[in-house]
Each structure stands twice: as structure tokens, then as C-alpha cells.
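After this come two complexes, each holding chain A, first together with chain B and then together with chain C.
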Partner chain A sequence: MEDIVSNFDLVLSGFWITLQLAFWSALGSLVIGALLVAMRVGPVRVLALFATSYVNIVRNTPLLVIFILVFAGFPALDLLVGTPFLVKGIVTMTIYTSPFVCEALRAGVNSVQLGQAEAARAIGMTFGQTMTQVVLPQAVRASVPPLTSVIIAMTKNTSIAAVFGLAEATARMRGFTNNNADDRILIFLVFALGYIVIVEAISGASWLLERRWRTVR
Partner chain B sequence: MTAEAAPEPGQIHAGTGEPLVVLDGVNKWFGSLHVLNDIDLSIARGEVVVVIGPSGSGKSTLCRTINRLETIQQGSITLDGQPLPAEGKQLANLRAEVGMVFQSFNLWAHKTILENLTLGPIKVRKTSKADAEKRGMELLERVGIAHQAQKYPAQLSGGQQQRVAIARALAMDPKVMLFDEPTSALDPEMIKEVLDVMVDLAQRGMTMVVVTHEMGFARTAADRVVFMADGAIAEENTPEEFFTNPRSERAQDFLGKILKH
Partner chain C sequence: MSRGTSVLFDVPGPRTRLRHRIYDVAALVLLVVGLVGLYFFLDAKGQLTYEDWEPFVTPEFMVALGEGWITTIQMALTAVLLALVFGVVLGVGKLSDHRWVRLPSALVVEFFRAVPLLLLIVFIFLTYGVGGGIGSYWSVVIGLMLYNGSVLAEIFRAGINALPPGQAEAAYAVGMRKTQVMTTILLPQAVKIMIPAIISQCVVALKDTSLGFYVLAPGLTAVGRSIYTEFRNQFQTVLVLALMYIVTNFILTLIATWVQKRYVGERDQLQVGAAGLSDQDTGLADAGTRHGQV
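What follows is the complex of A and B.
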């Protein structure tokens, strides 16, 4: 009990790393996911094939395997050598989450009426402009609920980074429980509460976005 | 009588006589379906052409090939002497010169009315935001929607949305405007407000291709009526001649049907 109270800064620093990991991974996944969906629906066959294969392969690979690939496999290929663990964690989470973002967005893209893109093309927009100005903004609006689920799942998945030496929240929790076996339940509750706060914040943000965009349409 | 007795394509038109859009031997198939069958059509600068014909005769497809939303397999289409480019940047530039108004308006749902008018000029023509907004407001004024500039499309009636869609196309300063059944998705009481805008546009000298069954519009604003059947131009004539004295059986039959109700 005293241990977790007197070392509360360790709890906070753990969650700070979790937050950083989640924030940058979410941003990375959204950007890469949007690129993937643009490739999938775009006119270039090779890119569509690439994006489809990427989505199918990565989506069917366990997160742990991708962690091992990035943390152990990449250095063997001279990739990410000497890169901070946090960045490696972000790269891993982005690789893993972007296909899920792509698929959530694709459902959104399919819900945007064909005429919206046609009007953009008719006015002289390029494919890139049509996607970024007209299709994706509307797809994102339609995809907020599934995207929220993806980002929440991703946030919880960041706990696997503990195994790979990142001192994020779950790694800290393990440290505390190892030293204070009797307080295990309490420590667990404290950390669970931390995750709940983060997830609730994401849900809240999503709710606000949905409400704002609903009045818009 | 048959279509052979009709005047040669391009003979009947007003405008300045100089051809702006020229379709020459255009053929298009959707799979095995021959949707455009040897279309020769020359549209003069300032001319207003109404395209009429039964459902499935290829009117929409004809419109869409002119700004290459559909590709053609044979023949050529030129705009102001330039052949339509194949793809990419050049094609985008050409499309900017051709305004298109759809049956279903297709205003961008996530943009305000004014933003719908400024997005094209800003992104495609690289106009400054201030200039685009000034021009956008002028056009909204002209179609009578200026006071709704900050609303979203879903907040407007169908007739208002279609007037905005016309203004959006005009904001690009197109050389020619294509209308594909612009009033057929509208409630009867809204048709007039849209037709009024189109008649005004015609009187200002805009070159227009209009797919419509509104005979009133054809009579007041059109220089020529093109009647399509089975993917081919079956007959073309002045509106007055066409409606009072159709030559081809197909046209007589078709007019008989639409006049009955």
C-alpha cells in the first residue's frame, strides 16, 4: 500500500509512456490507414493489390509476432538500430493497427455516395484531391464509431510493449505486484482505473466528434 | 418518314457558328451493349442543345462522355479544338472547363454552400480564398441563395440545392455546361426556380447541353433538339419543328407518350 502511494510518480510515468505510445500510434495508424484505403479504392491496380495484401497479411498476424519482428527482426536487417524503445513500440503498433483503420475507413468510403466523388472529378479535381477533400472527410465522419473501437483496442494492446522493455503502465504494474504480493488486487485496481480513464477519454472525444458532425449533415 | 430526311448534324444552330464541342463518330459499348452508336454532334459556342429520348437511349452516357466521366471506344471528342486527354492532370484541367449538373445535385455534404462553390476554384484553379469567396457570393446572389451561404446542403430544399449545384459549376468559369435531367428529381413546385436559372444562363450566352423532358424549357431556351433512340441520334431539329412536326416514327411515338400525361 505504502509502496504504491510513495512511488505514485512511477505509476504516472508508466501511464505517460502508455499515453505517448497510444497517441503517436493512433496518429500513425490513421495516416497509414487512410493511405491504404486510398490505394485500395484507387485506379492503380498494383497499389490496390499491395494494400489488400498488406491488410490481409498483417490483420492475420498476432501482435506479439509483429513486436518480435520489429524488436528482433528489424535490427538484423539493419533497420531501426539504436532507435529508442518508445519509437519502436510506435512503429509496431502502427504496422499492426493501420489495416484495422483501413478497413473501418473502407466501410466509411463505401457509404459515401458515388455522386460525391463524381462531382469532384467533374469539377477537375485529381484523384488525390477527390480523396482528401471530398471522400475521406466524409468517410471519417461515417467511420467514427468503428474507428473508436479500433483506437481503444490499440490503446489496450500497447500493454504488450511491457514485454519488450518499455516501462509503460503494465510494465510498472508488474514491478509493483512483484514487490508487494499482498496488495496485488489493489495495485491491479489502480492500474485498471488508469486504463479506464484513458479509454473513457477516447470514447468522450469520439462522442463529441459524432455530435458535432451529426449537426453538420 | 425516317431520320434520313432530317437536316445534317450541325446545320441547325444558333450561337456564333464556331464549333465548341465536336463529337465525331463516337461509339461506346458497356460490355456487349452498344450505348452510343456513331454519334456525330457539333455544338456551337453559345448554342443550347436539348437532348431528349426514351429511358436507356444513352442520353446520360452522351453527357458523361463529353467530360470523360465515361470513356469511349471509338471516335473522337474535341473541346474548343482540343481532343480530350486520356488521363491525369490534363484530363482534370479539361474537366474544369466543362461544368456538369447532375440529377441528384451531388453537393458535397460536409461543406457549407459557400464552400461548395469555393473548393473547386481554390483547389483546381488555385484562386485565392478571398477571390473565390467573392465570386462565390456573386453567383449565390445570382441564383438567389446568398442568404443561405453558411448552411449545409441537407438544410436546403431540392430546388435550392440544384441552384447551388449550377452555381458551383459556374464558379469554375466553364466553357460549356452539361445538365443531366436537372429537374427530374425535384418536386413540381421547385422545377420552375431551377429552369428560370437555366433560361437566364442560356440568355447570357452560355453553351449548354441539357438532357431534359421539360418541353417548356426546350421551347423557350433551346436552339436545337436532339432526339436519341437506342444510342443513336434519330432526329434533330429546332424545338418548334421537333415538337409540332416530328419526322421519325420513334420521335412521334415518344412525344405521343410524354404528351399524354
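What follows is the complex of A and C.
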């Protein structure tokens, strides 16, 4: 009890690393995921095939295996040697999460009804107008719930960085538990609460975004 | 994918088709150059030598990998079976008419879905697993059960809610009791549409068994670790491990798709959002494609 109270700064620093990892990984995954979905739904068949294979391969691989690849496999190839662990963690999370982002965005695109684009073309809108005024606004709105799911799951997945020596929240919990065998349950609840707060904050932000973007149909 | 009738593009004319053909060729050239470059890069780093790959064609290690694979599948299956029981109990609890049953069930489901699985496994392992406890194998299985059970509870609730309300109403009208309505009318129908989602959850569970790595549980990744600590062939081991997971999951996905077609028909697979999003599951189902679970 005293230990976790007097060393509460360690708990906070753990969650600070978790948040940094989550923020930059989310950013990276959104960018790569958007590129992947552009390839996947685009007219160039070779790129579509490439993006589809990437998505299917990575989605069926456990995140832990990708962590082993980046943290143990890449040094054998002289890649990312001397890179800070945080950056390596972000690279790993981005490799793993971008296919899920791609699929969430694709779900959004697929939810736009064909008639919407046809009507836009019928009244003479150009490709750019159709995209920016009709298709994408609807697709982005529809992607918010699945994207939020992906980001929440990703934030929880950052805990796996603990296995590879990043002192984020889960690693901190292990440290505290090793030192204070009597307070295990309290320590677990403190860290669980930290994650719950982050998860609820993300879902709250998504809810606000959805409400703001809601349209009358 | 039907070409031509896309929400994104108009039907391409001859000139656009030619342009796309050129992009196709350019992308193909780029891809081939990339693959050849990768080959030479790996060769230059000495990653393609026979010694590094030898363990994977040596019978003893192949047997060890096979055993690890079976342990992994065993862990995932045990966890999913336990999770089914846990999930049905919580799912029914969440649909209960009594607030004192509904609220605790919802709280438990929310809690286990919001907490990272690894945190849960570490806690179970350090509190009940070490020493004379349940050991790392069961720590992972129990962790998986609690997490997947909570997800399945949501899937289960979504499955019951997806049934036409007339089903329950008709059952009540002919004089059935609440338990009868649930067990003879709603459950059998809901289970049918849940099966593909349950198989997809097996994929998630199978991937998550790899978290046992942190608490030294047996399984595929543990075998991989002992191979690469002995032979220092991390890169090759990762590729083999990934391939084994991918093939297994791919087979599971094929089964899920087949069951979906065979027993459920055209409707989309049930989807539930991440923790904190439980009321938006219909939004996900409407989105139309399976985006899978992270």
C-alpha cells in the first residue's frame, strides 16, 4: 500500500509511456492504414493484391510474433540497431495495427450506397467533387465506430511492449507486484483502472465526434 | 470485387483502362524489384544460409514445433470452451429483467474487456500461478477465458437482440415462461447465428495464447524462443512461427466463412465493438464488411 502511494510517480510514468506509445502508433497506423485502403480499393490490381496480402498476413499473425521480429529479428539484419525501444515499439504497433485500420476504413467506404456516387456523377460532378463532397464525408463518418474499436484494442495491445523491456504500465505493474506480494490485488486494480480511464476517454472522444458529425437522413 | 460498378469510380473507358494497365505494369515492376532487393539484402546479411534454416528441417525440432503447436491449440480451445460457458452466463445476466443481476454482469463484462489481456495474465500468474499455484499454462487459459468470455457475452447479447422480437412475443403468447422462452426459443436460434463469430473469436484466442511468452507458458512461441536462443536464428524462427500461426488461423477463417454460408446465409457476421462501445454494435454490423478483431 505505502509503496504504490509513495512511488505513484512510477505508475504515472508507466502510463505516460503507454500513452506516448499509443498516440504515435495510432498516428502511424492511421497513415499507413489509409495508404493500404487506397491501394486496396484503387483500380491498380497489383497494388490491390499487395495490400490485400499484407492485410491478411499481418492480421493472422500474433502481435507478439511481430514484436519478436522487430526486437530480436531486425538486429540480426542490422536493422533499427541503437534505435530507442519506444520507437521500436511504435514501429511494431504500426506494422500490426495498420491492416485493422485499413479494414475499418474499407468498411466505411463499403457502407456508402452506390446510388450516392451514381447520383453525384449523374448531376455532372467531377471525380474530385464526388469524392470530397459525397463519398468520403459519408465513408469517414461510417468509419468512426470501427476505427474507435481498433484504436482501443491497439491501446490495450501496447501492454505487450512490456515483454520487450519497455517500462510502460504493464511492466510497472509487474515490478510493483514483485516487490509487494501482499498488495497484489490493489496494485492490479490501480493499473486496471488506469487502462479503463484511457479506454473510456477514447470511446468518449469517439462519441463526441459522432454526435458532432451526425447528419439528418 | 465487381469492377465497373464501384462507389468510387465510374466505369472506365478505353483510355483509362490503358492507363490502369500501365500502372499495373509499373507496380508489378516495382514489386519484383522490391522482392529481388529483399533477396539480395537477406543474402548479404547471411540470412539465407543452410545452418540458419537447418532446425526447421531437423526431425527433432519439427516434432518440438508440432508439440508446441498442439499445446497452443489446446490452450486456445480450452479457453474458448470455458469462455463459452462464462459468456453465456454473463450474456444472459446482461439480458436479465432484474437490475441486481444485470448491473454486476455488465460491470464484469466491461471490466474484462477494458483491461489489457496481458495485464490480466500477469496478475493471475503472479497472484495464483507461481509457486504451488495453478502454473503458467492455466494462468494464460484463465486470462483468455475471462477476456474472451466477456467478448462472447457481448456477441451472445447481440445474437439474441438480432432475433425478430416476434419470436419472444409469440412464445410468451402461447404461455411459455421466461426460462422456457430463453432456452427453447431464443438460445437455439441465437447460437446458430453466433457460431461464425465464435469461430472468429477462436482466431483471436489462438493469437493471444502467444502472450504466455511473458509468463513462460508452454506453446509455439516458447518452442520458438528455445530454438532461437540455441541457434541465434531469430529472423528465420519468426518467419516459421508466423507461418504456422497464419496457416492455422487461415483454416479457422475458412471454416468460419463456410459455416456462415451454410447455416446463416447472407447476413453479416455478428460484430461487437471494443470496450466502452457496447451500444454501437449495430453500427459495426451496418458497416458491412468483416474488419476482424484486433
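What we mean here is this: the second predicted complex is superposed on the first by the 188 of 217 C-alpha atoms of A that agree within 3 Å, B and C clash if a C-alpha of one lies under 4 Å from a C-alpha of the other, contacts with A are read in each partner's own complex, and residues count from 1 in each chain.
The criterion applied here is as follows: a residue touches a chain if its C-beta (ideal position, glycine included) is under 8 Å from a C-beta of that chain, and two chains touch if they have at least 3 such contacts.
These figures come from a predicted structure and were not determined experimentally.
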I'd like to know which partner A:125 touches here: chain B for first, chain C for second, both or neither. first
Kindly classify A:32 by the partners it touches after superposition: chain B alone (first), chain C alone (second), both, or neither? neither
Could you look at A:22 and tell me whether it touches chain B, chain C, both or neither (first, second, both, neither)? neither
In the overlay, answer first, second, both or neither for which of chain B and chain C A:73 touches. second
A:116 contacts which: chain B (first), chain C (second), both, neither? both
Applying the document's definition of touching, compare chain B and chain C: which contacts more of chain A? C
With both complexes overlaid on chain A, does A:4 touch chain B (first), chain C (second), both or neither? neither
Does the superposition put A:153 against chain B (first), chain C (second), both, or neither? second
Identify the residues of chain A that lie in both the chain B contact region and the chain C contact region. 113, 116, 121
Any idea which chain A residues touch chain B in the complex? 113, 115-116, 118-126, 129, 133-134, 137-138, 141, 213, 216-217
For the chain C and chain A complex, residues of the former touching the latter: 1, 5-10, 12, 20, 23-24, 27-28, 31, 41-42, 45, 47, 111, 114-119, 122-123, 126-127, 203, 207-211, 213-214, 221, 224, 228, 232-235, 237-238, 241-242, 245-246, 249-250, 253, 273-277, 280, 283-284, 286-294
Complex contact set, residues of chain A against chain C: 41, 43-48, 50, 56-57, 59-66, 68-69, 72-73, 75-78, 97, 100, 103-104, 106-114, 116-117, 121, 127, 131, 135, 142-143, 145-146, 148-150, 152-154, 156-160, 162-163, 169-170, 173-174, 177-178, 184-185, 188, 191-192, 195-196, 199-200, 202-204, 206
The residues of chain B that touch chain A in their complex are 67, 69, 88-89, 92-100, 102, 104, 106-110, 119-120, 123-124, 152, 154, 165, 168-169, 172
